[in-house]
Each structure stands twice: as C-alpha cells, then as structure tokens.
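Input: structures, listed below.
Look at the two complexes coming up: chain A is in both, with chain B in one and chain C in the other.
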Partner chain A sequence: MRYKTDLPVMMPITPREPTPFIGLKPWQILLIALLAFVGPSFAFAQTGIPILTPFAILFDWAPLLLKGFIFNLVISVSAMALGTALGALLGLGQISLSRVTRGFAWFVTQFFRNAPWLVLLFFAMFLLPFELNLFVLKIPFPDWFKAILGLSLPVMANVSEIVRGAVKSLPSGQWEAAESLAYTRRQTLWLIILPQCVKRMLPPWMNLYSILTMATVLASIVGVSEVMTLTGQALAAEGGRPELLAPFYGFVLLLFFAYCYPIARFTVRLERKFAVID
Partner chain B sequence: MSWTPADPMVSLRDVHKSFGTLKVLNGVSLDVMKGDVICIIGPSGSGKSTLIRCINALNDIQKGSILVEGQEVNDPNLNKLELRKKVGMVFQQYNLFPHKTALQNVMMAPVRVLKHDKAKAEAAARALMKKVRLEGKEDAYPGELSGGQQQRVAIARSLAMQPDVILFDEVTAALDPETVGEVLQTIKDLAEEGMTCILVTHEMAFAREVADHIYFTDRGVIVEHGPPATFFKNAQDPRTKEFLSQVL
Partner chain C sequence: MDFIFEWFRALYDETGINLPILYDEYDRNRMIGGFFTTIRLSLVCLFFSVVIGVIGAWLQGSAFTWTRRIVNGYIQLFRNTPPLVQLYFFYFAIGTMLPTVQNDWGGQSPILGSFAWATISLSFFAGAFNVEIFRSGIEAVPKSTVEAAEALGFSKLQIYRDITLPLAFRVVLPALNNNLVNLLKTTTLAYAIAVPEMLYEANQIWSDNVNVTEMMIFLLLAYFVLVGVLVSGMHRWERAMRIPGFGG
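Up next is the complex of A and B:
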C-alpha cells in the first residue's frame, strides 16, 4: 500500500555514502588549501589601499622566494649526505664487537638524538670559527656551511639508530648461518647483513630526509638567507602589510608540501612493497 | 697428539654448558667416527640443539673438551674459521640468505671464504643443486621456494664447503609434512655416501633407518645410547622408555 503524503519524514530514505575529506585527491586538498590561504587576502585587499592585489605582489617576489627554497633544498641534501655518511659509521660503531667503540658510538648517538635541532644549529653557528686557518690555507666557513654542519648532527644520530635498528631487526639465524659457513665478521656484515638492511633502512631514511627538509627553515633564525629569511625580508620591503602574510607564508608552505608530500607517498609505497617481500 | 682417521672425528668429554644459571649440558660425552651417522633424540629442552651448536663453536662451553679431528674447540685461541670449514651446519629455519638466489647461496661461501675460482665454484654449485634434486631452481630466490626446497638448498650450501662432518639441527621440524620426505631422502643419500652426520631429530623412523648410533638425552645428560636395533627394542632406562612410548 502506498499513501500519498507531503510529509518528507514519511518518504523512504536511502542514506547517501558519506564522502570523507580524506577521500579527496591530493590536488583537491592542495586547491582547498590554496583557496583557504588566498581567500582572506582578497577580503583585505578590498578594504586596503588598492594598488596591487596581494597575489600580484607575491607573483613579483616568487622568483626570489623560489631561489631561497632551492637553497633550502641544497642545505637539506648536503646535511643529509654528510649526516648519512657520519651516521653510517656511527651505526656500525654501535654494533662493533669492541665494548669501547660500542659505548662511544652509543653515547654520541644518544646525545645528538636527544638534543633540540635548533640548539645544535646555534652551537654550530656560534662555536665554529668563520674561517679555518690551515697553515697558509684559509678556508672560510660561511653561515650556510655551518648550518649544514649543525643540521647534519641530528641527522647523523638518527641515521646511526636506523642502521643499528635495521641490523638488529634481522633474524639471528642470518648471523649464525654466515658464521657456520666460516665467513669472517666483516664478510658477514658486508655480504650478508648490510645488503639485507638497505631496504629496511630506506623508508625511515627518507622519512628523516623529509623532516630535515622541513627543519631547514630553522636556519633562518641564525641568519642564513633561505626561503623564510627572504620571505620575511620581502614582507618588510612591502611595508609589512598584514594582508600579505597569509599569501606569502602560504606560498612557502605550499612549496614545502609540494616537495615533501611526494616523498612521503613514495616512502609509504616502499614500505608496503618491502612488507610484501618480507 | 696428531689425529688420524682411525680416531673419533668428533669427541666430546664431560661437556658442561649453562646459560647464566640455567644448566643445559651436564657432562656429556660421545664419540663420532668418520662416516658415522648419529642421531640425538630427546624431549624438548633437553639440550640437544645446544649440544651440536657447541661442536662448531656457535655456543661456547664452560667445562670439558670437544675435539674435532683432534683440534680442541674449548680453547680461547681456537681458530673458529678453520674449525667451521670442517664442520658444516644445517638449521631448523634453513637460514638461507634471502637476497641471493639459490645458486648464489650455494657458491658464495666457496668463492668468498675458500677463495675458489668463481667458474669452478659455480660448476660445483650447479652439481650440488642437481644432487639435492633442485635442478632448474638455481635462479630462484629463497622466498620463491617451498620449505623443503629451501632446506635442500641449505644442505647444498653446507656441502659446497666440503666439510668433513655436517650437523643437522632439527632440519625437518619447521617443514610441512609433505616436504619432510624429500629432505630426509637427501640426508639419507649423504649418509650412504659416507658423510659423517650428527643429527638432532624427532623423526624416529628415520633415525632407526639411517643412524649407526642413537643417543637419548634428557636434562643435559645422555641417558642411554646404542645402535638403533637394540635402542628402540630394548630401552633400559625408564626415562627412555617413557619418551619412546610417547613418540613411537
């Protein structure tokens, strides 16, 4: 039986599938973020002095900010390379048979892993000389170089832990099998253990790189002309107009997001792939 | 004291081993002659695996003597690498190197440890793969092989080092029942060729068939031993009888 009624409550309801926010495509999230940042600026722009829209101003400054961002990337890649090299050594030290080496490597790792990055950066900035005199040779230590050194310290400590963790995560049977085949410890490490560790280390290592890249803006606090410093200077040059803050810093955020998000996605994919293989 | 093939190849005297306060071996003595196949049986936790792991110095011992071809293993100056070239080992969990193919697993140690010529080592490895009936699986990675196939690769890997004696540590315990047979057959082939084998096993029928001598261990001591015919029919010790009544 069907009753005719105007009351909507009586009508059969087919509930719609909720569309969750996380179901959005990355570019859709980006677009929303972009609109959220620029929206308020237009509101400001209408009441402010109608010279140039905030967007046009940002457009003028964008090349400089991009250059600054590329400098951030240079710092991140260099600090990562240096930190990885030192951290790998330290990590191997942590699994050394020598108690002294192990203890030393453990202490250095723990010390730098549990130190705030900014404090380490300050240390590198203000305790390192501005140049190094090697007899006749004068090697200058510019600020950006010191920033790289400072940021490579926590990277080193974290890489050290990644190496140690990966080696410890292998089943002890791998060591025993190698030992029973008369491999030396060094051969066991280089031929059998470490090759298996590489894929275990890759995801956390890339994660660390992502974090480091975002931490490079700390260098602005100690005066390196990276993207944050330049953004601050650009805003000051525009007379510190408050409606410019959101577009400018939003632009910087988007730069980092555009760079780090793919790395994060790729890391997740690697993790999944390796989990299947294991 | 020079060793001759007429002497025991492996000789344990009053071996004591403990992990911390836990005593695992409490005075174990046994002799293995060249070409012997001996099986060590006993309840879980009776120290069987520890016993054979001491023979290639994977575990050290606190007291007693282990001689392998006349060489003392319980010696702080022991050259473990030289010892392990003579003593092969196959594990319960196979422990193949997962990042290497089956063939690479077999030929790697001869090339890297014994410094054999690569081409020769590869030819030898291919022959061994054939011997363990895994022809055609040379390029497979361990993850692509069944448990029984992996264990046979592990046996081939151990054989590639041309050891004088091979230790088998419960090598069929982790296998699916249908693949146990192929691994046991491989070990039987070896035994028939005269390879000296020391096995820790739960496969009683197999032990009875291939072993020259059976040792029954419980709580870190050898309770009873003898050739399989007498051991399985006329066990004397009540502990042996009880164990056999449970597993047979």
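Up next is the complex of A and C:
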C-alpha cells in the first residue's frame, strides 16, 4: 500500500489472522467432539437401557454418513482438478496478446463467476444428456458426474481470476527484464512469470477449494446421494422423529467443520509465509 | 404490451422457443413474484448481515477474553460449514423445537416461516464474514486520529460514530462489496426450504411447461444482470466515498 500524499491519512490494511476456535487447539476440539458424539452411546450401552437415545441412533448411522461424506470429498477433488485445468487455460487466455481471445476469456470468466453455484448445478444437471452417443460407443453420464461438471464451472471461472490476478500482481520489471534478456513470450511466461505466481496463487486456490467442498452439499438438491441426501434418508428411516433432527444435522455440520477448519488455518499460515513485504 | 406478449406466443408456435413467463399471465406473475422475493430476501439479509458485522466487530474489540472468544467461535463455525447445512439446521432442527401458533384455518403452523429462517440463516452466514471485514477496517484507523479526536473533546461514542466508523467503512467497501455479491448468489439456497424466490419459481415453471433450457438461460441472465447492477452501484458508491490520498 503506497500513499499518494506524504501525510499518513490511514494505516494500511493488514489481513487479520483469525484466532483459534474458542482458544482451543485442533486436537482438543476433535476430542471434545468425539466425546460429545460417542460418549452418550457408550454410557447407555453399559447401563443396558433398551431405548436408544438420539446420539446412539446417530452412532448407528455414522458409518453410512461418513461414506456419504467421503463421496462429497471425491466430488470436490474431481471438480477442483477439472476446474483448475480449465481455469488455468482460461486465465492464460485473459492475459493473451490477442484481443479476441482476451475478450472471450474475460466474458466466460465473468459470466460463470456471476452466476450462483446452485443455478450452474441445475444447468449441468438438466441440460446435459444422460448418455453420450459416440458412434458405437455409449458413454453414460451418471448424475454424480454431471454434478462434478456443474461444480467445476464456477471453479473454472474463479481459478481464471486467480491466475489473472497473480500475473497482474507481479511487477512489470519482471517482464521487461526478461525481454531485455531476449526471452520469447512463451519462455518468459513459463520460466519467469508462472513459477513466481504459484506462490501467490496457492492461498486463494485453497480458499476456493474449501468453498467448493462446502458447495458439494448442493448436489443433494439435484438428487446425488451424498451426505445430505443420506442424512435425509436416515431421518426418514427413523420415522422422522423431531428430536433426531438437531443431532443429525449437527453431525453433518461437524464433519464439514472438521475438514474445512484445518484447511482454513493452513491457508492463513501459508498467506503469512508468502506475504510479500514491499 | 400485449403486442409483445403475443409476439412471444407466436415465437413459441413458430420456433418452439417457449417463454411462458412473457406470454402467459399466470407464469408471468409467478416469475415477477419470484424476482421480487429474491430482491427482498437479498436486501433484508444484506441489512442484517451488515448489522451483525458492525456489532460483532465492536464485540471483538471488547476487553473480556470470553466475549472475543465467543465471537471468534461464531465466525469460524459459520465460515467453515456449508451454508446449505446451516440453513437445514436452522429450518428443520431449530424450527421444529420452537412452539407453533394457530393459523387462519385452525391448523398449527410454525412460528417462523421459511422466509424468516432463510433470512436468519443467510444473515448469520454473511455476517460472519462481515465481522472480520469491519474489524480490519477499524484497525486501519490510526491511533493518532482517535487521540486527536480525544484532544478535541469528543466523547467515546462520538469518536466511534463520527470518526472511526465512517473512516473504517470507506476502507472496507471493496471487501464488503465482494461479500454482498456472494450473499446475493447465496440466496438461491433458499430454494431448498421452499422460499418462493427466482430459482424456485423457475423450477415450478419448467416443471409445468417442460422448457428447462429456456428457463435456465433466462435464470443465468437474470442473475448476471442482478449481480451486475449491484456491482456497478457499489462501485459508484465506492468512488463517491473515496478518501482522497488513500489507496489507489
């Protein structure tokens, strides 16, 4: 942050690092959570009371829900891989020398960045065919695959912006120095610019991954059997008892928190490590 | 007006591009209703999330360790869990625990409807981000400015209201802008608990008319325009409130 005047009007903004969760360490949180969920069922198993408490029922269903959660993670990793590959191409298109390519890449990026994730998911779900006929080959498109495609669209647009932002954030001296050393544009990009960008792109990219993981539950709305769908089915199988709702939904919240919170902490640490001081 | 509507009916007959939201009065009213529900939901959530952000930022500066810890816990919890699960948790888990009231038809209905729960849930979700945003803005105000105000005889409340907050607000506008765009896009989640917003109404219409493609394209364009209007409005406001000499 540089001032236009020599009078200090305002302090530069420093991104605040969030303090640990209620001042506890990650393993302490995990232990408390485990005790809260597993503890009651053990207690009742010892006393031998036949009536199952909500937590005991949850304990019975936990393996299935965990399996669903792993499916969420599979969707998130695949969508991230696909979105990153496409987004990197689109981001490079945004810094292309050709005006047409630049304009096209910019439009695609803005379009998919401004559309809600859920609408894009619906878009992929309903407008893609259920199978693709390639001459004699029939490639089926199951709904989870369409969900991956639908989720990778906004990821693509966001990665494109991350790439463009990182390239633009490098001082122009890097480009000029490379040019004076007679590097071609491609060499400059691959050998000088992009290696420096990776560092800058990593924290926002991880943030995006965390957002994507939290968005995978949207797939339940369009009928993919991931953790939220399974939770609904489990609740229905138990007869829709209202006292079960809070533990079950709370358990899903906890699963996501346990996965995303460490990522968020790690991102903050990376941000601090890679912070450019100028 | 009727001429245009009839033209779209003719377009359907001729080409098969079916846009009942233009030529059919019932579908048109549904879509207009959905559009305004989306706007109403966005504005209400926007207001409450900013209020939560200001109050949270103020509480985070409190002298009590536990107040700060609770606010931090709230932020981390709401930032690191899916907004859809939060919405389900509020609507199904907490909603069923609350007492019911008698409705006009003599039946029992929950005390808070789906619109109210969507407002609460989305406000808390966006508010968690706003707390951090406002906090960083308040920290950007230099101590010497506050000291100067103290020397001029301002009271503590006056300093916060007339000096710290206006300066902080200008600094955080770009970040706030981003978060509000996100909030507008997140209102589509209210679809899941049957709030009759734009996505929900579009879904109803394409179920009745089997015109998924047309409605999808319309939805994407509608959100594109809504976000565009919000972004350009906020940019204009940002420029109008710029502090001379600070930032780019």
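To be clear about the criterion, the second predicted complex is superposed on the first by the 225 of 278 C-alpha atoms of A that agree within 3 Å, B and C clash if a C-alpha of one lies under 4 Å from a C-alpha of the other, contacts with A are read in each partner's own complex, and residues count from 1 in each chain.
One rule holds for everything that comes next: a residue touches a chain if its C-beta (ideal position, glycine included) is under 8 Å from a C-beta of that chain, and two chains touch if they have at least 3 such contacts.
Quick caveat, the model's predicted, so the values are computed rather than measured.
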For A:177, decide between first (touching chain B), second (touching chain C), both and neither.
first
Answer with first, second, both or neither: which of chain B and chain C does A:257 touch in the superposed model?
second
Contacts of A:242 with chain B and chain C, given as first, second, both or neither:
second
Determine, under the contact definition given at the top, whether A:123 touches first (chain B), second (chain C), both, or neither.
second
Of the two partner chains, chain B (first) and chain C (second), which one does A:132 touch, if any: first, second, both, or neither?
neither
Looking only at contacts as defined up top, I'd like to know whether chain B or chain C touches more of chain A.
C
Check whether A:187 is in contact with chain B, with chain C, with both or with neither, and answer first, second, both or neither.
first
With the two structures laid over each other on chain A, which partner does A:196 touch: chain B (first), chain C (second), both, or neither?
first
Intersected contact list for chain A, partners chain B and chain C none
Contacting residues of chain B [partner chain A, same complex]
56, 58, 80-82, 84-85, 87-89, 91, 93, 95-99, 108-109, 112-113, 143, 154, 157-158, 161
Touching residues on chain A, where the partner in the complex is chain C:
1, 3-5, 7-16, 18-23, 111, 114-120, 122-123, 126-127, 210, 214-218, 220-221, 228, 242, 245-246, 249-250, 252-253, 256-257, 260-261, 264
Which residues, counting only chain C, touch chain A once they are in their complex?
65, 68-70, 72-73, 75-77, 79-86, 88-89, 92-94, 96-97, 132, 135-137, 139-142, 167, 171, 181, 185-189, 191-192, 199, 203, 206, 212-213, 216, 219-220, 223-224, 227-228, 243-247
The answer for chain A against chain B in the complex is residues 171, 173-174, 176-184, 187, 191-192, 195-196, 277
